[in-house]
Structure formats: structure tokens, C-alpha cells
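Worksheet for the structure shown next.
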């Protein structure tokens, strides 16, 4: 096989071990793979995937391949590739992979286009870069695309904006909308893995620190809750009064970033928006402040503005860049402002990706079956898929639950019994 | 004024003080009342309310009256009336009230019918007993009803079942669906007040106790989180795999009630369903177990079955009934299985009812304006009402939040910027 | 029996039921009582007790009586007496009790002296008022006193000061020093019961409130942890850098009261010191602030200073006094600044008092046996008593633990095995 | 300089950056270093240190050198050395270091002896291996030793056993006994860093996992609290009824290891004892169980027993060894059972080591001044040192606290004011 671009195929063996390790924590995907092997529902389907190239993703890709799909994979972020996993997919599974950790933006887009050269029937996206490039630069490929799937909040926002503009040319399933995705992945996955990333990068004690979380969506509340669980004093910033009020009721301090910037020790953005930490925030931060991002794109922190304010910068630890300002203060940016859980840690643990990727696999199967009947818009994962995934997951964890009795079902459907 | 039925009008002065005390914690409703006084949007509208007669409800009723409405009030639960508040509404505000704490079921329905005798244009319900009686026994009144509002999950379930049967004869706004209602009232209100009720009834230490929460809806998760916050070891039971999985990920043990029944010290049901704690559960409970309910109706615990199992029963403290079983075990039922936060405590604190009742007031205003154009089904509170309530609440709490910059708004609406 | 002073002996039946209810949660004391009944170790010993007259205390008093002691009981706080319990002790157990809830200071000291008229061999104190009065006014009784026991931190501090002055005339066992007392009673008991008292008095939602805890001793950390568990945003004030640092690392904000006073919604002092909330703090508090105390004496809040600042005051709910200040602000004092968990709630739950009072009973037995050999100072509860109580408690809760193997014991005593 | 044994001096530059990074979080040690530079209190004193060779330790060593000491350093654990830090100490500070990550036991003891060849006046130990070797094999050096310091609980237990045997030949200060050490290092440091180690080794999600903590001492409660903070369902095992009871009241499940072994997903021992997880526990564990240790020595897990039960073993990820058992189950041991926070993570964060090492520096200074007057036993850190460290730390964190007023001091020392 020659059609790939990875760092070093000699890393394959280590990658295999990590893929197998992750597999142990992915019982839902395992069940799906077993059925796919029997039923081959994706036989002959060309899939181009643009996802973080991690051990968990490898298990998804292998599941699709076992279902009969002809898959290629490119990275959805220049910093998030696990090179040994990429090597194993190429060497052991003959999956073409285009992804090298730390690649520059030019290479990133070259890889994206290589994945599109595969002439996909279905796209699988994480941030909508693949779909966006397809619509901007490779419109010749559009006719044969049946549909796509999209992993993230950020990507879904972009796709909905495209659909609203009438610009989206095929249906996309918003995997992120599945409850078994965003309830678990965004909240529990992002919560733990973001702190994991920050701690690996800095080795700082969170207890006693003022930790500022920008955004109280599903990711933000996971992060806030886990930071508090590690002893930090958490401040939340928001633009929407509803989640802001929830944050207050959950016991957090809520204030504008302008104020939080003055007192925070560690900052992390999870908003999906840009310049959430901006020039005027850097201007008032304490000496030594740590600033990071766990939102999809590296636009949430205005690093160019900080760059312009700095007299010098230096890498003081891997993934920790110190910006020395004219007034003597030093501000630290983690992982170049890219999502810190992938930059300095290993991304979401396998057990959450299990459910996200079960949604990807089943969503993709659904798209293959039904895509031609669907409109050019963003669809949610069908509820029965979602609930089935939750059921299998509980079973795999050895957790039993109650079942409604006939009497209870009848009661819930009646309206005549009262006080 | 003679048209009312309350316990003792001499209690009015104490009721007034409690109504005023609650008012201090209800800044959103205060703003609405000030506008209603100026605009009189409910002038001439007859309203029949069936709500828990508490200090907070009194502030809602006064708000409607200040808006021009002609209101009567009946209790939505035989045990939840605060007699001094009822007295104050009658004596100081000339609102006809039909409610006596501890009234029997016959009186309860007599009061309900007295409220219907008012020939309402709008109904205001908490559990749908008013609407249900109207549809079953007082159909002559239906033609002049514009619409209604409904406060609870339980009521909304009943009304949706009616609408699905084609039986609902007017539109109803589901106040419970407002985020500023169920996010806050169900979760924070029920969480604290249920434990308050249990502690007042029993004076037991929660730390170190095994506390079983049946149901992990909004109420259940509020209760589970607060019980853990007081040091209990919490077990959750569920019938739906999705919330069950969330409970597991939130760190709780999840198991069937059959198993939980054997190890629990204190039980509380918040499911909206019947016989969630049933005969076969009582059979395996530990000696001394405490069983309570915080769901709307007193059907969640199968008390008749327990009664049949008992050789004797006695009231060992106010709101604590001990059932002595043949095998020597004693099981305690709190507040006759009625919602314990109203039976032995004072219901939701004013600051959460502030938002629920702001939704009631604005929902009712909306219904008066738009009811004739609406279909005979259950409507959600319009989103702009919901968001506005959150905004006022934050303001009143002195919490400022960020505002999107133009650049950020633009970014959120675009789809062309990527990695 | 005529030698007593209580509110109303007709309350006795209700008191009995509450005493029995508490007894169910006091398995350690039950075991001691059973042994006392057999062994009668206190036969002929006159005991004067000055304790909060609650259902739990009644079980202690009955235990001592079953051990052969001749006991009289007076209240250790004018507001903390449960009148029905006092009535039951008198009517059903023939224990002379001198205590009426709400008694004035003159009566309080008259009652104290009535208890001293009993010519005690052993004193049993809660705050050291009995011992202090004995040393100041009743020195004629000193010769026959063998020793005493003291329940609280506050009392122990006073007694240690007396011993340091050479003023203490007999040995006292500091029950409070027992780990099974202060680890559990101060932390878990005070934590829950203080919030219970505040919530019963105010019916306020704690979620989202800024809750200021003055003092981070065992009581303070129990209170801070439970307030956070109910959703409050907790601020801690301290004078000692060590606990202050712990509070920071536990995730709380720590600041001087001067600053906290400006932003707190609810305040509670648990310091054992006076004027912790003082005139200059009231001057900067927000309108509507709630101020309470859960420390032993009502000196922690400078109420006389507030009184002098107020233009009027009024009782707005039971246990809630509103002080209207000249500048229009209103400040609320709960329970006249007396310990709020006893003023408006029922004090510590039985299951914590079980261990405290097991220490009292066993400490008193120890004093009777060994008092004459002891010096005139404050002694800790012997460690074997402490550990035995923990063992019985776990057993009673159905919790089994591991036992060291011989190999492990040997290892722990050796120093030669290393890396 | 030639007298050292490290991995690679070319790693020095990276080490320097990490030492400087840690220094930013060590303000207390910084203040001490500044004074030491002025006063040179350790001039001419030979110090042999046996500590984990980390960036934080490097800052301690530099502080002692700045105080005039002539220091050599050896590792206190074969797996805990940071090779780049060792290189920097040698290259930039001319400190002889004997430590290579992953060295075998023979090399470990060779290094220990090399450090003793320095003929120390003062020993500085972490686990008492240096003192123990000195007493067993190098007794010729004993006469010139003034005294020592010891960092850990484990070491202090060994030294107390030696002192009890009359075997200890010089005084040792138990740094671990300082409140600013064990309250913070054991609880907050071990809590976070142990989970950090487990997550780095496994990349597993803790939410929803059953996490078994063996031992509820200061380390155990830190670990239990943080594991709960990350969403795990925590079980505690203990041998002492007092901490076992506290664990129950803190809301954890407590049970014998025999039972916990059957249901745990992840285990971590922090007991200071041996074979806490033993053959009969492995026999009942679930397939896939993860077993780790964060106690000082690698004896807490009986790995030889597991080895004997296994048909094969393999390294499935760095620091994760899979043991395949005859019955098909697989059990994973992390970091060979050595303290996982040092094996797979970076040990305690700098901000906790700041206080531990401030105690080391001041304890060592105290020993140099007073050692000759002390007896041959284990001493605590003087309380004024402890409190001063807390004061400086708060100051450095920007946290102000209250000061007792004269009136308050007087009150606390009096015993005559009562109710």
C-alpha cells in the first residue's frame, strides 16, 4: 500500500497495543462490529473520514471496514494525531491515513484533499472542514455524495448555517445531537480530558486555584464540575442568561470575562466562538496566568493579539509557551490554543468515544440506507438508535435497571386518575 | 366577603408576614406586578387557580389581581395548604380561597368545584385536577374557557394524554416546559425542599445513610445531588436507560428497586408513576426503613399494600407513621406518601417559585391575548418569555454576564472559517 | 415528684414518642445502657447535668439512671429546651428537670442553681456554665465533687483557661476531645443541623446564595461542606493561617470578614469567639442579609451594636428578626443570635449524639472510678473508649472492615524491610 | 565535576526549564532561599539527601546549597527520577547526583552508598532507606551524623519502630508530621497526582467506574475525594474503625477488601502496609481490573502472588502490565506496583512540595542548630515553623485573613463570661 502519509510506520506495533487497549473500553462499538461483520451493510461504500486520529477512532474505522466500507482517514486537527495509531491503521489494517502530528496548515489541507480524492459516498467530519472544503473547492465531487455525518457542536453550527444559506448540497447527520454523544462525550469526556491535558502540560495543583471556565454549555459544565471536583474555585463566564443562571445555582461564581480575567489563575475556553479571551483581557491578567482552550478551533483565544503585546516568547515546558509582556508580566498559552485535551493528553477516553462512535457507525449505516430520501439539511440521530446505545452500554457495565409494569404503562397513558 | 372556605381568618396576620417575606425573594414577579399595575392586561378576566396555597402562590395571585384579573383559588393538594396564607388572601386581598390543610378528599373536590363555579376564562392548574374535573363533570363551563396553564410535569403528562385522545377542549400552556421553570424549580427547588421535608419529619442525619432516589428526571437529579451534598450514599433507580446511564456517570449506584429495597435506609420517589415502591419491595426492606414521596401524587408508594401487611400502625412523630409488620420489622411512611416537601416543610423556596410563577403570570397573559388563535393542545412557554425571565433574575441577583461582540455574532453565523 | 420546673407536664406523651424515635438511632448508647442495667456502675452517684434538653439527652439521662445514678438536669441554653422531652423525663422517668424553652437569663441561672442544689458528685456540662457557677458562687459544694465532664469546644477552652489559672478545683473529662465526638458531632451534626435551622427559619433556597462561614474549625468545615453540598457559593473567614489555607485548598474563597460582609447573602458564625460579626461589618452588608450563629454562646454576633444602629425591629417570621437601619437597609438576625440548630431546629440528629453521649456515659463512669486519683485539670477521653465506640457504631450500621493479618502487624512494627 | 551517576547530561537544558517552572509555584521556598543566601546558616554542613529526584526537589537542593550546605543527592525510588532534572543539577549547579530512572535494585543501593560516602552531618530521607542502610551497613559513619529529616509517613513509622527498639543512633525530624506537610502534600498532592498517574497510564474515564481506595489516612481521603470529584463511585477499605466510620459519614461505601475486590474497576492502595491486595483478592476480581499503588513501597500489592497465578504477562501500554490468568481473566498492574504518581506522572505538583520542602529546609536548619542537644528519637517539626509556612503561603497566594482583636484575645483567655 503506498497511498498514505504518516510519520513513521515503525511506530505501528505501539499503535496496535493502544488500539487494543481502547477496544476493551468500547463494548458498544464491539457489538456493532460483530453485527457489521455478519451483515456487511456498508459493502462497497467509499467513506472519507476527517477525525482526530486516535486509538478510539481506529476502532471506529475498523468497524466500518468490517462492515464492508472502503475508508480513508485524515486528521481533523494538526495537533491531535497519534502517530503510532496512524501507523498501525496503515500497516495492520491497510487503511490509507493522511495525518502527522504537528503538521502545518498547508499539509493539513493537502491531507484533507487527499482524503477527498477518494471520491467519497459518505463524509465523516469533526468540525466540518471536510464538508466545507468539498463545497468550496471540490464541487465536482458533490454529485456522488449520498450524505455525511458530523461529530461536533462546532461542526453542526457551521452546517446549520450552511443549510440556512441554502448552501448545503447533501444531508448530514448531527452525531453530536445524539444524547448518548453530547451528554457523555461533551460533559464527562471533555471534563476529565481537558483537566488531564492541563495537568500534563503544567503539572500544577488545581486545589486552591481560581479556575475560569468560559462557556457553560455541555462541555463547560463538565469542565466546571470536574475542576471543582479537583478542589479549584471555579468561575464561569457566559453570554446566555439561561446557562449563566444555572451556573449560579450550581454554586459557581458568574461574571464577565473582564472581571474574571483579573483574578483567574487558570483559564479554559469551551464556547465555540472566537476571541473569547481577547487583548483587553490579557491586559489585566495576573502574572503567571495559564490560558488554554478546549473548544474545537484555536480561535477562542486571541493569540495574535497576545503575540503583538509580547516582547518575547519561549517554550518553558512541552505545550507551555510563555509570553513575556512589556510590563514584566508573563502569560502562558497551552498547546498553542488548540484543544488541550488532544494537544497534551490523549483526547476523550475510550469509554465515552464508544458511544459517540457507535452513533457515528449507526448514523453512517442509516445514511447509506436512507440518504437518498433525505433533504439537504442537518438531521438528528434517530431516537431509537440513541436509546439502544444507552441500553447496550448499561448492559456492558453490568448495570440493571427497572422495567415499567403493565399497570405503570397504563397509568402513564391515562389522564383520568387524579388526587 | 363570604364566598370562601378556610381554616381560620384570625391567622391572617401571620400569613401576611410570610407573604411579605417570600416577596423579598421574588424580584422577577415583582417587576411583572409593577408592569401589570400600570397596564392592567388581565382586566375583566376570570381566573380559577388550583395551586398549592403557599406564601409564594399568594404573591402570584396578588400579581394577577393587580393585572386586573378576578381570581379564585383552591388547593391542588389536601395537605399542602398554609392556612395562615389562605386567611391573609381572604382578609387582606379579598381573594376567595377554598383550602384547608388536611381536608379530606370529599372536601378537596368540593373546593375544586367551588373554584369552577367562578366560571373561569382561564384555568391555572398544578397537576391537572381542575382541567380534568372540568372535562369530566363540568362540561357546561367549557365554552367560555379561553385556555389554561399547567405547572407540573405530572399535569403536562396528563394533558398531553388528553390531547392525544382528542379529549382536550382548550389550549394549555405547559409552564413546566419553560426552562426557567423545570431547570430551577424541579432541580434546585425539589432537591432542597424534599430533604428539608424529610429532615423536619425525622430529624435524621443523612451523612452515612443509604438514600434511594426513584427516578432520575429533573427532580430526581436535584434530589440525588443534594442528598449526596449532605453526605448520603445515594442509589438511583430508573426505567429509562438514558437517565440511568447519566446517573452512573454522575457517580451514583444504579440498580433495580428490588435490590435497592434491601439496602436503603431512606427512600424517596420522584417518578410521576404509580406503585414504584410496591408490596414486594416492602417485603425485603430493612427494619426501620423510611419511605417518602416527592412526586406529585400519593400513588408512587403502594401504601394500601403496606397497610395490608401491617399488624398495627402508629404516628411516632408528626408526619411519621410506623407500620409494624408481622415479622417484627417496622417501616416508616412520611406524610402519608404525599409530597413531603409540602407535607412537612414549606414547599419550594420563594426564589425558585419566583421564576415558575413569572412563567405562570406571563403565560396567562399570553393565553389571554392569543388563546383564541391557538389549537386545543399543549403549548410550551414562548422562548422569549423564558429567556427574559432568566435575564431579570440574574440582574436581580446582581450577576452580570458577557455580551456577544459583533465580530462574535458574525462568526457564529458563518461557516467558511475553519481550521 | 415536685422538685422540677418545666413548661407543661401534659406534653409528656409527645416527648416520650420523640425520645423513643431518637433511641432507634442510638445503638451505641443502647449497648451501654444494657450493660449499665446489669452492672449498675453509678449506683449512688449524684449527677447534675447542664445540657441541651433534647430527645437525645433524655436517652443519655435514662442511661445514667439505669446505671444507678441519681440525676438532675438543667438546660445549657435558654432557647434549646424541648418542652415535651422535659415533661416526659419528669413524668415517665422521675428525673428532676429545670428547663423551659425561652426562659429569661434570671430563670436560666435560677435553674442552674437548682441543679447545683442536688450536691453533685459529678457535673456534666455543655459550655461550662455549671462548673463556672460552682466555682464562682457555690464553692461550698466543691469538696464533694469528684469530677466533671464537658461536652463542647467552648467549654473546654474555658476549663483549660481555668486550669491554666490554677482555678479549677476538680478534674474534668473533655468529651469534646474524643474523636468519636468532635469528628462526628461538630462536623456532620453541626453541618446538617445548622443548615436545617437556617432553612426552617427562613425557607430560603441556598443554591446560588453567597454563604459566609466564620471559622474553619471542625464545625466550620462541616458547615461549609454541607452549604456547598446544597449549592451555595461558600466564603470562609478565619484568624488562623493553617485552617485558612486548608479552606483555600478545599476550594473555598477565604477573605477577611470586612470584605465578606459586603458580598454575603447569609452569614453563620462558628468560632467560639465574640463579636466576629461586628458593627463595622453590619455597616457594609447588603440589604436583606441574613445573619446567624451556630457557635455555643450568643456573643459571636454583636447584636447590641446592631440594635443601636436600627431605627426599628420586628419579628417577620418565627426566629427571624428584621432590623431596619437608618439608610433603608434591613438586616435579619436568626434566633436572637443563639445557636440556630437548637433555636429553630431540633439540634444534632440522634445518630451523632449517640457517639457524643456514649462518650459522656463512659467518661462519667471513668470519672467515678478514677476521679479521686486524677489531677485538677482537663483530661481527654481515654483512647480505648473512643475506638470502642467507633467499633460498635460501625457494627450497628452493618459495616464490616478489614483486620490486620499477622504478617501485616509484623511488617508495621519492623523497620528493616525497605525498597 | 566527575562524582555523579546520571542518565545523560545532555538532558540538562530541559531539566533547567522544568526546575524554573516548578520554582514559580514555590514561593515559600523562594523566601527561605533568599534568607539562606544572606545568612548562610548551613555553611560547611555536609548533607546526603535521598529523595525523589524531581524538579521540586531540585529547588530544595538549590536552597540548601544557597544556605551553604555541601549536598549530594540519590533517588529514594528506582522509578521516580526525572533524568533531565538530575542532569541539570549536575551541569548547572554542580550537585553530585546518583539517580537513573529505571535503575535496578543493585544500582539503587550502590547509589545510596555513594551518597553515604559523602560522610553526611545531616541525612535527608524519604522512606528511611538512607538511615536504615546507615544503621545496618555503614555504622562507621554514625559518629559524625548530627541528625536527619524524614519526609514520609512510611519512613516515620520505620524510624519510630527503630527508636522504640533503642536502635536509632541520632535524632530525626519527622517532616511528615508538620501540618503544612501532611495536610497538604498527602491530601491534596497525593489526591490529584495519583489520579493523574492512573489516567496517564490508562487514559480511562473515571466517571461511572467503581474505584476502590485501600486506606483512609490523609492520602486515602485525598484520593477518595478527588476520585469522587471526577465522577467515580468510590469504595473505601480500612482496618481502623475510626477512619472507617469517617469514610462512611463522608458518603463512601466501606467494606472489606474481600468484597470490594469483586466489584471494583480500579484499585489503589495507600496504606503503608504490605499485601493489602493479596492472592485471594486477585482470585475474585473482575476481568480487566486495574490495580495500582500510591503508598511509599511497592509491597502493598502482592505482585509475586499474581505472577504465580498468571499464564503470561505483557506490557499493553507504558506502565500497564497485563497478567493473563488461567481462567481467562486479565488483571492490569500499573507501574509495577510502585507509587503511580511518580511512576507514570510527575509526582506532587510544585505548590504542595513548596510547603513540604520548606519544612525540610527549616527542619534541617533547626537540626543543624539544635541536633546536638536532642535525644535519639523522632521529633516533630516545631509548631512555629509550621504556622509560619502557612502564613507565607497564604500571603503568596494573595489571600488575606482576619486578625484577632484585643477584645477577642481577652475573651478566649477568660473563663468567667458565660450564657
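Letters are used for the chains, namely A, B, C and D, taken in the order the chains are written, and counting of residues starts over at 1 for each.
Here, contacts are C-beta pairs under 8 Å (C-beta built on N, C-alpha and C of every residue); 3 or more make two chains touch, one makes a residue touch a chain.
Which chain is which protein? Per UniProt: A, B, C, D = Adenosylhomocysteinase.
None of these values were measured; they are calculated from a predicted model.
With chains reduced to the mean position of their C-alpha atoms, the one farthest from chain A (Adenosylhomocysteinase) is C. Here B-C and C-D were compared by C-beta pairs in contact; the pair with more is C-D.
Separating the CA-averaged centres of chain B (Adenosylhomocysteinase) and chain D (Adenosylhomocysteinase) is a span of 53 Å. Per-chain CA centroids place chain B (Adenosylhomocysteinase) at a distance of 36 Å from chain C (Adenosylhomocysteinase).
Averaged C-alpha coordinates put the centre of chain C (Adenosylhomocysteinase) at 38 Å from the centre of chain D (Adenosylhomocysteinase). Of all residues in chain D (Adenosylhomocysteinase), those that touch two or more other chains are 188, 207-208, 228, 231, 248-249, 397. Those residues of chain D (Adenosylhomocysteinase) whose C-beta lies close enough to touch chain C (Adenosylhomocysteinase) in the complex are 76-78, 105, 108, 127-129, 132-133, 136, 157-159, 161-162, 165, 167, 179-180, 183-184, 187-188, 237-242, 244-246, 248-249, 254-259, 272-276, 297, 299, 386-387, 390-391, 393-394, 397, 399-405, 407-408, 411-419.
Listing the residues of chain D (Adenosylhomocysteinase) that touch chain A (Adenosylhomocysteinase) in their complex gives 17-18, 20-22, 24-25, 188-189, 191-192, 196, 199-200, 202-208, 226, 228-231, 288, 315-317, 320, 345-346, 348-352, 397.
Note for the complex: chain C (Adenosylhomocysteinase) touches chain A (Adenosylhomocysteinase) at residues 207-208, 228, 231-234, 248-253.
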